[in-house]
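Letters are used for the chains, namely A, B and C, taken in the order the chains are written, and counting of residues starts over at 1 for each.
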Amino acid sequence: MTRPPIPFGRMLSYIALIGGSLLMLMPFYWLISTSLKTLKNIYVYPVQWFPNPIRWQNYTELFAEVPVLLYTRNTLIITVFNVIGTVFSASLAGYSFARLRFRGRDLVFSILLATVMVPFAVTMIPLYVMFSKLGWVGTFLPLIVPPFLGAPVNTFMLRQFFRTIPMELEDAARIDGAGRPRIFLQIMLPLAKPALTVTTIQSVLWGWNSFLQPLIYLRKNRLWTLALGINSLGMFMPGVPDTTHFQMALATVMVLPPVILYFMAQRAFVQGIVLTGLKG
Amino acid sequence: MSEKRITRRQLMRLSAAAITGLVAAACAPRVVEKVVKETVIVGGTPQVVEKVVKETVIVAGTPQVVEKVVKETVVVTGKGPITLNFFNRGGEYIAGVMDSEIELYQESHPEISFEINAVADYSHQEALLMMIAAGTGPDCWFDANRTTGMLTRKGVTMDLEPFLEVDPNFNEDDYINNCWIAQTYDGKRWGLPWDSGAMCMAFNTDLFDQAGIDYPDPQTWMKWDEIVELAKQLTFDMDDNTPNDSGFAPARVKQYGLQPNRDHGRQTYIWANDAELIESDGSMPMDSDKFIEAMNWLADLGLKHYVSPTPAFQAATEMGIQQGNIAMEHIGVWNLGRINAVDIKWGTFQVPYNTSKASYGHYSPLCVFSKTKYPQEAYDFVFFATCSYDGEKILVDLGMQQPIRKDLREQFLSNPEPPEQKYRQVFYDAFENQQTFRWPGDKVGSYYGGWYQILLEFWGPYLDRLWLGEVRWEDVAKEVREGSEEILRTGEIS
Amino acid sequence: MQASAVSGSPPRRRFWRRLNFEDTFFGWLFILPSVLGLLLVRLGPVFVSLGLSFTKYEIISSPKWVGLANYIKLPTDRLWLKSISVTLKYVVMAVPATLVTAYAIALVMNRDIKGISFYRTLWYLPTLVPTVASAAIWRWALNPEFGPINYPLKALGLPAPRWYADPKWAIPSLVFMSLWSLGNSTLIFLAALKGVPDVLYEAAEVDGASTLSKFRHITLPMTSSIIFYQMIMSIIGSFQIFAAAWIFYGLGGDTIGSAGPANAGLFYVLYLYRNAFGYFKNGYACAMAWALFLAIMLLTWLGFRSQRAWVYYETEGGGA
């Protein structure tokens, strides 16, 4: 009774948040509900909003018929290396491009960025030929080595972040006699935590969801990732039974780890404020 | 390349007698390996040597195998134990099917091992091309009817006629008529049919029962007007009005009466109206009155009669007989497994016609790479997987395919899965009836003139506008004809 | 060589020289992985594609030199022109729409509201759904009659478009779709907003600045470097849009060979891809790629030139 009324602005925020959340939840809800439908009910028209009957067997049968754990393992390998490689190469290069002055810096940066502008369709063949000559086709190497050798998009992003961090912090450390590696590790990296979190999340997603690259290089069933498995289940092939229900179940299984991870990564943002607030 | 092949064939024939002798001589199976090594060193031409290896190994088997050996001596080349690189499109299911075929093949050919590359995607062509670009092209692969002609024109596939000609296991009479069409270019076969078969109309018996309508007779060919009238009684909007009722809402349809196949099956309607797609002189009279009439009729099913889903009105996302929202659908035998997966009771009848009865069907092939190091081994496996009794039986047992071997026909017809035998017979009636069966390009001896995929991409936008009701066929017919003839001549889409 | 330069310099300027040496040494050391990657992985294929653009290359046979023929043919290719207009239309709509929406969402997400991390997760969900599964979701969501988007529109008596089935709505549908999966852009903006030092706001509050003026004079300038980054990447990405069109129109069934109704979804890279792999015209596809590359390059360069006017940096130097 005595509580003060919620301010109008805040109430608007809530309405927008809840309404938006419902909209955003929609594809996800559809995914889960489809994964629990019988094959026949997936196509019932008008759409069945709630699966009836709920068919949990879609999941048990999926795990029995599709090597989900193997696919998960393969996907994990690619993801882990991607994250480590991307964060390693992009944070170093991003810092260097943003804060260090040396001859050739902007030229290298421009070339790096320019390589992103060439459509993948024409570099696909030369890259494939190269990896094939190295004997890397049919292994994870073409997917896990390149991130260690630079990630132009993330580098660009981190460069932009590093450029906004106040100069005074770095200057003060330099006067105290700190070298570049120490400044990078002890001052810049902690300050860039939100940006590093973003880089991590993005490279997790890239590794977890990437489709075209694994499709091209992982030609053995035992090397397939979850994304390839999902595609394989959803294909229309002559003479092949419809497995849309399995496909949706696998997609649900595949979405869960990143969702949990993302939810936990939220904390980094909260901490981010505290740190920048204190030091800024 | 072709020169090399001729030499090889001569060698095969020359050496046939000698090998038979060797085979007879090599009665002790365990000595085989020694013999192999010696001959490898001595042999000036590897082809001859390889044959000795293979045959002796097989001789070590039962008397029954010996008989096989005699047949195969003529055709076999290869280097001792060899690895065939097989490239598979399709997902896990197809991969599994291929695995069981390979396993069975290796029982009789233990010297052949397989390296399998598999892409889980609709478009396999880019993966294939990249492998070729890197010099690691597969020895054989699972192709699609859309792409074989084009790959053949570009020299990727191998002409299989010379192999079939000398293959004692191959007898043209063992196979149903017309099964080779989608792999035919310039009158020759560039792949062997692996899946699927004929196209016809399928109908959902439950939806007929609900509407209180008698089932169509599998032996009777319906006319266009008849099927439109029938379809009107099987089309319902959300308020259960049919197109015959005044309050019918075409954008709120929950069940359609008829789904013609506007994709691989489209040509059937053109022939059914006595129009032609590709003439023997390579012209494509797509602007003839008959052609225009057929195309507009197809469009009108959705736009005027409201009995077919069309992008202009279609409300539901997935439409089909197995989705339970189409009463009669023009399907291929490749839909069989999908329909049965949702437990629908269904039957079949022939595709309706206007002035001439027409039927169609096709298979997607396994092909052999023109630059393979092991043409004979690759061919042998492809032949086993597609045309041999044992190989094809695997596909038939899975219900994947309408068998091309006549001796497996009974097994397909008596399969207890729906539809009933009399309906299953419809697939054969469509395929084997020389009076009605047509295929695009039959007058020039090349399936779609070799350019199916490009033609599809060229036609797509025009067809989209036709189905939407933005144009009538006569508005674009001349343009489409010119563009299509240009593609047929040059392969250039523009 | 740097070391000798340092030792030979007069003592008074030594400090700066040393600093310079340190920057040069660590600068190159830190970008070493990227430079190696450039030399070993990235640049090779790029130059190969440039070379191939002057050839007729069918992939299955060796390339044949044709000079500028591929480039000369481009302006006469009706479908090339069509693909440019389709792509431009998308870029013009998608870039501002996604930037503004993502920024707005990030502003909301940055508010200190109870349960905000829960909302943040929800809003990120569509981005997490794997692309391969999203095709079916979108065809359902944009269903003209009963889809969850058109249903309320119809109920309210508003015009409900036929979305991707209508040539006029094909591009807006894809833009609309891209608004859904803005998770990554939002996330980056959010990180940028979190990076704005609180002291600035505190100081402004002491001066009695309004919310709007705080936004204009603190938030916008302090996040402008990231807005700039998002703009550049969004332009680069939108010109190369491929997956979305592929999902809607490229797959199976009745739409084999379709690029949307009346080629309404024939994006530049989709047409390029078809040339490269479908039509055996890889040399021509490379010429297309380089034409696109030059266009994107020019726009990016203009973008970088404009930075001085609106992007705030702590460090000096225009960069790139």
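What we mean here is this: contacts are C-beta pairs under 8 Å (C-beta built on N, C-alpha and C of every residue); 3 or more make two chains touch, one makes a residue touch a chain.
The model shown is predicted, which means the values in this text are computed figures rather than measured ones.
Undergrad: Using mean Cα positions as chain centres, tell me which chain lies farthest from chain A.
TA: B
Undergrad: In terms of C-beta pairs in contact, which of A-C and A-B ranks higher?
TA: Most contacts of the two pairs: A-C.
Undergrad: At what distance in angstrom does the C-alpha mean of chain B lie from that of chain A?
TA: Chain A and chain B have C-alpha centres separated by 40 Å.
Undergrad: Could you state the distance in Å from the CA-based centre of chain A to that of chain C?
TA: Taking the average C-alpha coordinate of chain A and of chain C, the gap between them is 15 Å.
Undergrad: When you check chain A against every other chain, which residues touch at least two of them?
TA: As it turns out, chain A has residues touching two or more other chains at 45-46, 124-125, 231, 235-236.
Undergrad: Name the residues of chain B that each touch 2 or more other chains.
TA: Touching at least two other chains: 122, 126, 129-130, 133, 315-316.
Undergrad: For chain C, give me the residues that contact two or more of the other chains.
TA: Those would be 59, 136, 140, 143, 146, 252-253, 273, 276-277.
Undergrad: Over in the complex, which chain A residues touch chain C? Could you list them?
TA: Residue list for chain A touching chain C: 10, 13-14, 16-17, 20-21, 24-28, 30-31, 34, 45-47, 88-89, 92-93, 95-106, 108-127, 130, 146, 148-150, 152-153, 155-157, 159-161, 163-167, 179-181, 184, 191-192, 194-195, 197-198, 201-202, 205, 209, 211, 226-227, 230-231, 234-236, 244, 247-248, 251, 254-255, 258-259, 262-263, 266-267, 269-270, 272-273, 276-277, 280.
Undergrad: Going by the contact rule set out above, which residues of chain B touch chain A in the complex?
TA: Checking each residue of chain B against chain A gives 90-95, 116-122, 126-127, 129-131, 133-136, 195-196, 238, 254, 315-316, 318, 320, 322-325, 332-334, 336-338, 340-343, 364, 395, 398-401.
Undergrad: Chain B touches which residues of chain C in the complex?
TA: Contacts found on chain C: 58-61, 76-79, 136, 139-140, 143-146, 162, 165-167, 250-263, 266, 273-274, 276-280.
Undergrad: Which chain A residues qualify as touching chain B in the complex?
TA: Answer in residue numbers: 39-40, 42-46, 66, 124-125, 128-129, 132-133, 137-138, 215-216, 219-221, 224, 228-229, 231-233, 235-243.
Undergrad: For chain B, which residues are in contact with chain C within the complex?
TA: These residues of chain B touch chain C: 122-123, 125-126, 129-130, 132-133, 146, 150, 154-156, 251-252, 262-263, 311-312, 314-317, 453-454, 456-457, 459-461, 463-465, 468, 470, 491-494.
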